[in-house]
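Below are structures written as C-alpha cells.
Both complexes shown next keep subunit A, but they swap its partner, so subunit B is in the first and subunit C is in the second.
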Partner chain A sequence: MRSIVSIASTTVGEAIRRKVLLVILLIGLLFMIIAPGLGVLSARSELTVLKSMMLGIIQLTSAVIAIVLTVYMIPNEIERRTIYTILSKPVQRWQFLVGKYLGAVLALGLMMALMTVVLLAVFLYMQQDIHQAIDIAKAPALYFVQMSLLAGVAIFFSTFVSPLVNFFLAGGIYLLGSLFAPFFKTMEDNGHSPVMVKKVASFVNVIIPNFAMFNTQNPIINPNQTIGSESGYYIQAAIYGAIYIGILLVAGILIFDRREV
Partner chain B sequence: MAAAIETKKLTKSYKSRSLGKINVVDNLDLTVEEGEIFGFLGPNGAGKTTTIKMLLGIIYPTAGEGYVLGREIGDMEVHKVISYLPERPYYYEHMTGLELLKFYGSLFGISDRDKFQMLLEKVNLHRDMSKTISQYSKGMQQRIGLAQSLLNDPKLLFLDEPTGGLDPIAHREIRDLILGFREEGRTVFISSHELSEVELICDRVAIINKGLIEKQGKLTDLLKGGRIEITVEGVSEAFLNDMKMHDGIVRAVPEGWLVDVPEDADPNSVIDAIRGEKGRVISIVPRKKRLEDLFVEAVSVKPFTQKAPAPAGDAK
Partner chain C sequence: MAKGRNLLLGVIAALLAGQAALQQLLLWPTWTKDYAPSKGLDDAPGLDPGQFLIALAGFREMIAGILWVRADAFFDAGNYDAILPIIRLVTILDPHQIDVYATGMWHIGYNFTDEEQRSDRRYLPTALALGREGSKQNPSTYELYFETGWMWLHKIDDIYPKAVGWMEQANAHDDMPPARRNMLARAYEKDGDIEKMIDLYYKLYDEAEKKLKTDPAYQNRQGADVIENNLDNLLVRSVQRGYQAKKLGIYDSGDYDTKPPFDVGFTAKVTVTEANIIRIEGTWNVLPLGTRIKVILRDENFPNTVAGGAIWDAWKGVNLDPDKDATYMQDQLYVRNQHFNKKIDMSKDPTMYPFTGKDYTLEFFYNPRSAPPHIQDKFGWNGEGMTDKNFLRDDLKGPGREGVRCMYTTLHLTRDMIRRQGEWADKVPVLMTKGYKDSASTGADQDVIIIPSLRGSK
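Entry: the complex of A and B
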C-alpha cells in the first residue's frame, strides 16, 4: 500500500507540472470565464445556455486532460527508464500500475476541482443563487467518475499500445460510449430489431462503457426534467463506474504483468 | 564463497519479422562470487542490458535458470537486498535530491532522514540536496542515482554503464565510490564498455558478444600472455631462427631486428644469448596484454557457427 501511495503522489507531482496539461486547463478556464459573455448570443434562455456551456467546457476539458495525462503515463516511464529503478525495488507491477492510475485520477480530480470552483464563482457572480450553484456543481462530481473511467480505459490500453494509437482508441471509445450508448441500448431493447442486431447491440453495450450514464446536464439545465431518485442514480452511476474501472485495471494488470518493458 | 549470481543456460529470444527468432542472450552460463566487482563487457547490442533486466526480473527469460543471492530470479524478497542503476537514468525532474531519496526510500519503507543525509554526504551532494534534479549536472544525477541505489544497504548492485558520458572528474568520483562498495563487502555487477575503467576496478570479467559469452574469468588470468619487444643488432641468422622456434616473432626494423617474445620467456637468457652472439641490445619494451586487446579479440566479427557457450567460471 505504501508503494502505491508513493507512486501515486509522485505521479500527481509530475502531472500538475506537465505544461501541456496546464495549457489545456488554462484554455478551459478561460472559456469558462468568457462563457457568460457568449450566452447573450443565444436565442434560448441565457441561464440555460450558461449552464450548458460551462458544464460542456468542464466535460470537454476534463476528457482531453484525462486522455493526454494517461496515454503517455506508462510509455514515458519505460522510455525514460524510471520504471526500471522502481521495479527493481520491492514493488510489484500491479502496485506500479495502480499507483500510476490513482495518481492520474488524483491529478485529474485536482484540475476538475479547480474548474468547479471557477464554475461556482462565475455562476454566483451571475446569479447570486447559492442553491442553484450547489445544484449545478453536482454535475462535475459525476463527470469525475466519468473521467476516472476514461482514464481507466486509457491506462488499460497504455499497457500494450503506443500513445498515439491509445489517444484515438480511448477518445473513440469515449465518443462511442457518450454519443451512441443510448442508441445501442434502444436497438437492444427494441422488440422489432432483428436478433442479430440485438446481439451486436447488446455486445457493444457490454464492451463499451456507457459514458452517457454520467451526463446529467439535461435535468440540471432543464429543471422540468427530473430523475426519480437523484442520490440513487448518482450512487448507481458511481458503482457502475467503479466496477468498470476495476475490470479495466485487472485486465491492464494481467497484460502489463507479462509485458516486456 | 557463495555465488551472488548464477545462471545456467539463460536464454532470451525475440521474434523478428525479417530475421526470424533471434537469441539476444544465448545459453548464458555466468557465475559472480559474493564480494567481488564483476565486469560484464560487450559491444552495443551484445545482450548486456537484457541480461541485467532478466536478473532483475524486469523481463522474463525464454529458457534456462538464473539465481540471484541464492533465490530464483524475479523473487521479490531478493529485491529488498539488491539495487539497480540503469544506463543514463532519468529521475523525476521536479524533485529535489532529498525528495528523490525520500520517494525511493518509501518504496522500501525507509523514512529515516538521517540516512538520506548520510547518503547525500557519501555521494557529495549534501550541499545540493535542495536543488531540483533538473538543476543537476550529468555527474550529479549519476551520483544521486548511486545514492538511491544504496538506500536499502544492498548486498548486490547492478550498475549499467555507470560512467557513460561523464567527464574525467565525475569518472573518478564514481570509480572511487564503486571501489568503496567492495570494501564494504558488497557485490557489484558492472555492465560497461569503458574498458580502462573496468580494468582498474574489476576482479573478474565476462565478455559477451551477440548473446554468447566469449571470455569469462579472473582479469589477471585473462590478461596473461603479454609480450616483450627486444630490439637488437649484430645477431646471426641462427639466433633469429632459434627465437622463432621458441614462440618469438622476428621482423626487421631500421635499427636492426625486433624480437618479440612471450612475457613468460626469461628475458635474461635472451639477453645472454644476444651477448653471446656479440650482438647489441638497443631497447627492451615489455608490452602487457590489455583488456582492450582481449575485448577486440573476443568481439571481432565471426560467423555465428563458430561460437560455442563458454564453460562457467573458466578463463578461455
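Entry: the complex of A and C
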C-alpha cells in the first residue's frame, strides 16, 4: 500500500508541474470567466446559457486533461527508462499501475476542484444566489467520476498502445460512450430498425462504458424538471463508475504484467 | 501464475456482468427519465444523423444559442428555407428554448407563401407538431399551449374545438397573464359555447376585482374594466341575438336580431382562364366588410379533411418537408356590392401547387362562427340568423362543424381542366353552382358601394 501511495503522490507532483496541462487548465478557466458575456446569445435564457456554458467548459477541459494526463504516463516511464528504477525496488507491476492511476485521478481532482471554485465564484458574482450555486456544483461531482473513468480507459490503453493512438482511442471511446447510449435509445424507439442491428447495438451498448449517465446537468440547467431520488442516482452512478474503473484496471494489470519493458 | 490470471479474468467477467446489470436495470432508465436532454420529441424526419449526433453531445444549449443567432440573420435575409433545419436543430439541442418553439411555429405557419401571399398550408401540421412537442417539453409554463391555441384561433381560424382545447390547457397554468386568459373566452365564443364564455368572463371579473382590492394599481383597474366591458357586451349580445331566449325556450315567440334568417344568396362561377389560373365570380348578399367566403382548391383525396377545412394536427411528427405532391390552396373571396370577382393565379408557384393528382375539389365555405361581431349580430353565433336557398348546411360532420349552420358547396375539377391540357387545351372550362347569377344583376359595376340591410330577407 505504501508503494501505491508513494507512486501516486509522485505522479500528482509530476502532473501539476506539466506545462501542457496547466495551459489547458488556464484556457478552461479563462473561458469560464468570459462565459457570462455569452448570455446574450439567447434572449430570455441568459441563465440557461450561463449554466450550460460553465458546466460544458468544465466537462470539456476535464476530458482533455484526463486524456493528456494519462496517455503518456506508462509510455513515458518506459521511454525514459525510469520504470526500471521503480520496478527494481520491491514494487509489483500492478502496484505501479494502480499508483499511477490514483495519482492521475488525484491530480485531475485537484484541477477540477479549482475549476469548480471558479464556477461558483463567477456564478455567485453573476447571480448572487447561493442555493443555485450549490445546485450547479453537483454536476462537477459526477463529472469527476466520469473523468476518472475516462482516465481509466486511457491508462488501460496506455499499457499496450502508443500515446498518439491512445489519445484518439480514449477520445473516441469517450465520444462513443457519451453518444451511443442515447443514440441506441433512439434506434430502439424506432420500429423500423432491423432486429439484427438492434441486437448488435444492444451488445455494444452494455459493453462500452456509458459516459452519458454522468451527464446530469440537464435538470440543473432547466430547474423546472422533477427528479426522483437524486442522491440515490448519484450513488449508483458512482458505483457504476467504480466497477468499470475496476474492470479497466484489472484488464490493464493483466496486459501490463505480460508486457516486455 | 495461470491460476491467478484466470481468477483475474473471472473477476473481469463478473464485473462486466455487474456493470451491465447496474447500467441497464437501474441507471439507464432513471437517466432517460430524469436527466436526458429531451423527452418525448416528436419523430424528426428531415434531420440527418450528423445533426442528431450533435444534438446528443455536450454544449447543447450553447450551440442552440449560436444557431438561433444565425437563424436571425437568415430571417433578415429572407432566406426562410434555411431557417427550418435550424429551428428543428435548436429545439432538439435545447428543448427548453420556448422562444424558438414559438417563433418557429409562427415562421413555419405564416411565412411560406406564394407570389400572391397565400400561405402554404401544407406546413401547418409541422407548425402544430412543433407546438405540441414544445408544450410536452415545457409543461410547466402556459406559453406553448397558448401559442398552439393561437395558431388554431388566428392562423387556421377554423376547427375551434382545437383552439379551445389548447387554450384550456394554457389557462390551467398559473403563469398565464389575465389579459391572455381572455383568449380562452374568445375561443369558446368561436366554438359557439357561449355558456362557458359567460362563466369564464364572470370568473375573470371576480379575480380582477379581487386583485384590484389588494392592489389598486392602474393596470389592475384597467384589467378589471376591460373584462367588465367584455362581459357587458357579451350579455347584451346574448339577449339581442336570442341566445338567452333560446335557453328559456321563448325564442320562437320573441323578436330578436337573428330573426328572420337572412338569405346570403351565394352563387359562383369558376372559369379556368389559363393554365393554373382561375377566376371566381359570383354573388353574396352580405356586407362588404367582414364577410369573406373561404375558397379551397385541394386534391380530392387530400388527407384528414372536413368540409371547408382540414384537421391539421392529424399528421404525426415535425416533418420539415411536407408532401410536395399535395395541392392545397386556400383563399378568401372579398365582396363588393354583393358580388365577388377574384382571379387566383397559381401558375407562378408550381412547387406549392403541383397539381399532380387527377381530381380536385373546389370548396366554398362560410362559417358564421368565424364572422366578426357586427355580422354575428345578425347571423348569430351558430348561424341561426342566416340561410341560403341553395347551400345552407346544418348537417356537416366532424370537429367544429356540429351544431352550426354554414354555407357550403363544392365543385369538381380535373387536372386537365386546371392545367388546360388534353381535351381542355382549346376549350375554356367553366363551372357554375346552382342558381348562378351574373354580376349585372347585382349592380357590382356601380361606383357607389351598396350596403345591404341584413334586417330582412330579400
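Structure notes:
The rule is short, and it goes like this: the second predicted complex is superposed on the first by the 249 of 261 C-alpha atoms of A that agree within 3 Å, B and C clash if a C-alpha of one lies under 4 Å from a C-alpha of the other, contacts with A are read in each partner's own complex, and residues count from 1 in each chain.
The rule is simple: contacts are C-beta pairs under 8 Å (C-beta built on N, C-alpha and C of every residue); 3 or more make two chains touch, one makes a residue touch a chain.
Quick caveat, the model's predicted, so the values are computed rather than measured.
On the shared subunit subunit A, the superposed partners subunit B and subunit C are arranged side by side without overlap.
In the superposed model, A:178 lies in contact with subunit C only, and not with subunit B. In the superposed model, A:59 lies in contact with subunit C only, and not with subunit B.
Of the two partner chains, subunit C is the only one that A:216 touches; subunit B does not reach it. Contact with subunit B, but none with subunit C, is seen for A:91 once the two complexes are overlaid on the shared chain. Once the two complexes are overlaid on the shared chain, A:233 sits against subunit C while remaining clear of subunit B. After overlaying the two complexes on the shared chain, residue contacts for A:162 are found with neither subunit B nor subunit C.
Legend: residue contacts after superposition of the two complexes on their common chain; A:251 is shown touching subunit C, with no touch to subunit B. After superposing both complexes on chain A, the closest C-alpha pair between subunit B and subunit C lies 12 Å apart.
On subunit A, the surface touched by subunit B in one complex and the surface touched by subunit C in the other have no residue in common. By the touch rule above, subunit A contacts subunit B in their complex via residues 2-3, 5-6, 10, 13-14, 17, 80-82, 84-92, 258, 260-261.
Against subunit A, the residues of subunit B that register as touching in their complex are 53, 56-60, 76-77, 79-80, 82-92, 94-95, 103-104, 106-109, 145, 148, 152, 158. By the touch rule above, subunit A contacts subunit C in their complex via residues 38, 41-45, 48-49, 51-53, 56, 59-60, 175, 178-179, 181-183, 185-186, 190, 206-207, 210, 212-213, 215-216, 218-219, 221-222, 224-225, 227-228, 233, 236-237, 239-240, 243-244, 246-247, 250-251, 253-254. The part of subunit C that touches subunit A in the complex is made up of residues 5, 8-9, 11-12, 15-16, 18-20, 22-24, 26-28, 30-37, 43, 52-53, 56-62, 64-66, 68-69, 94, 96-99, 138, 140-141.
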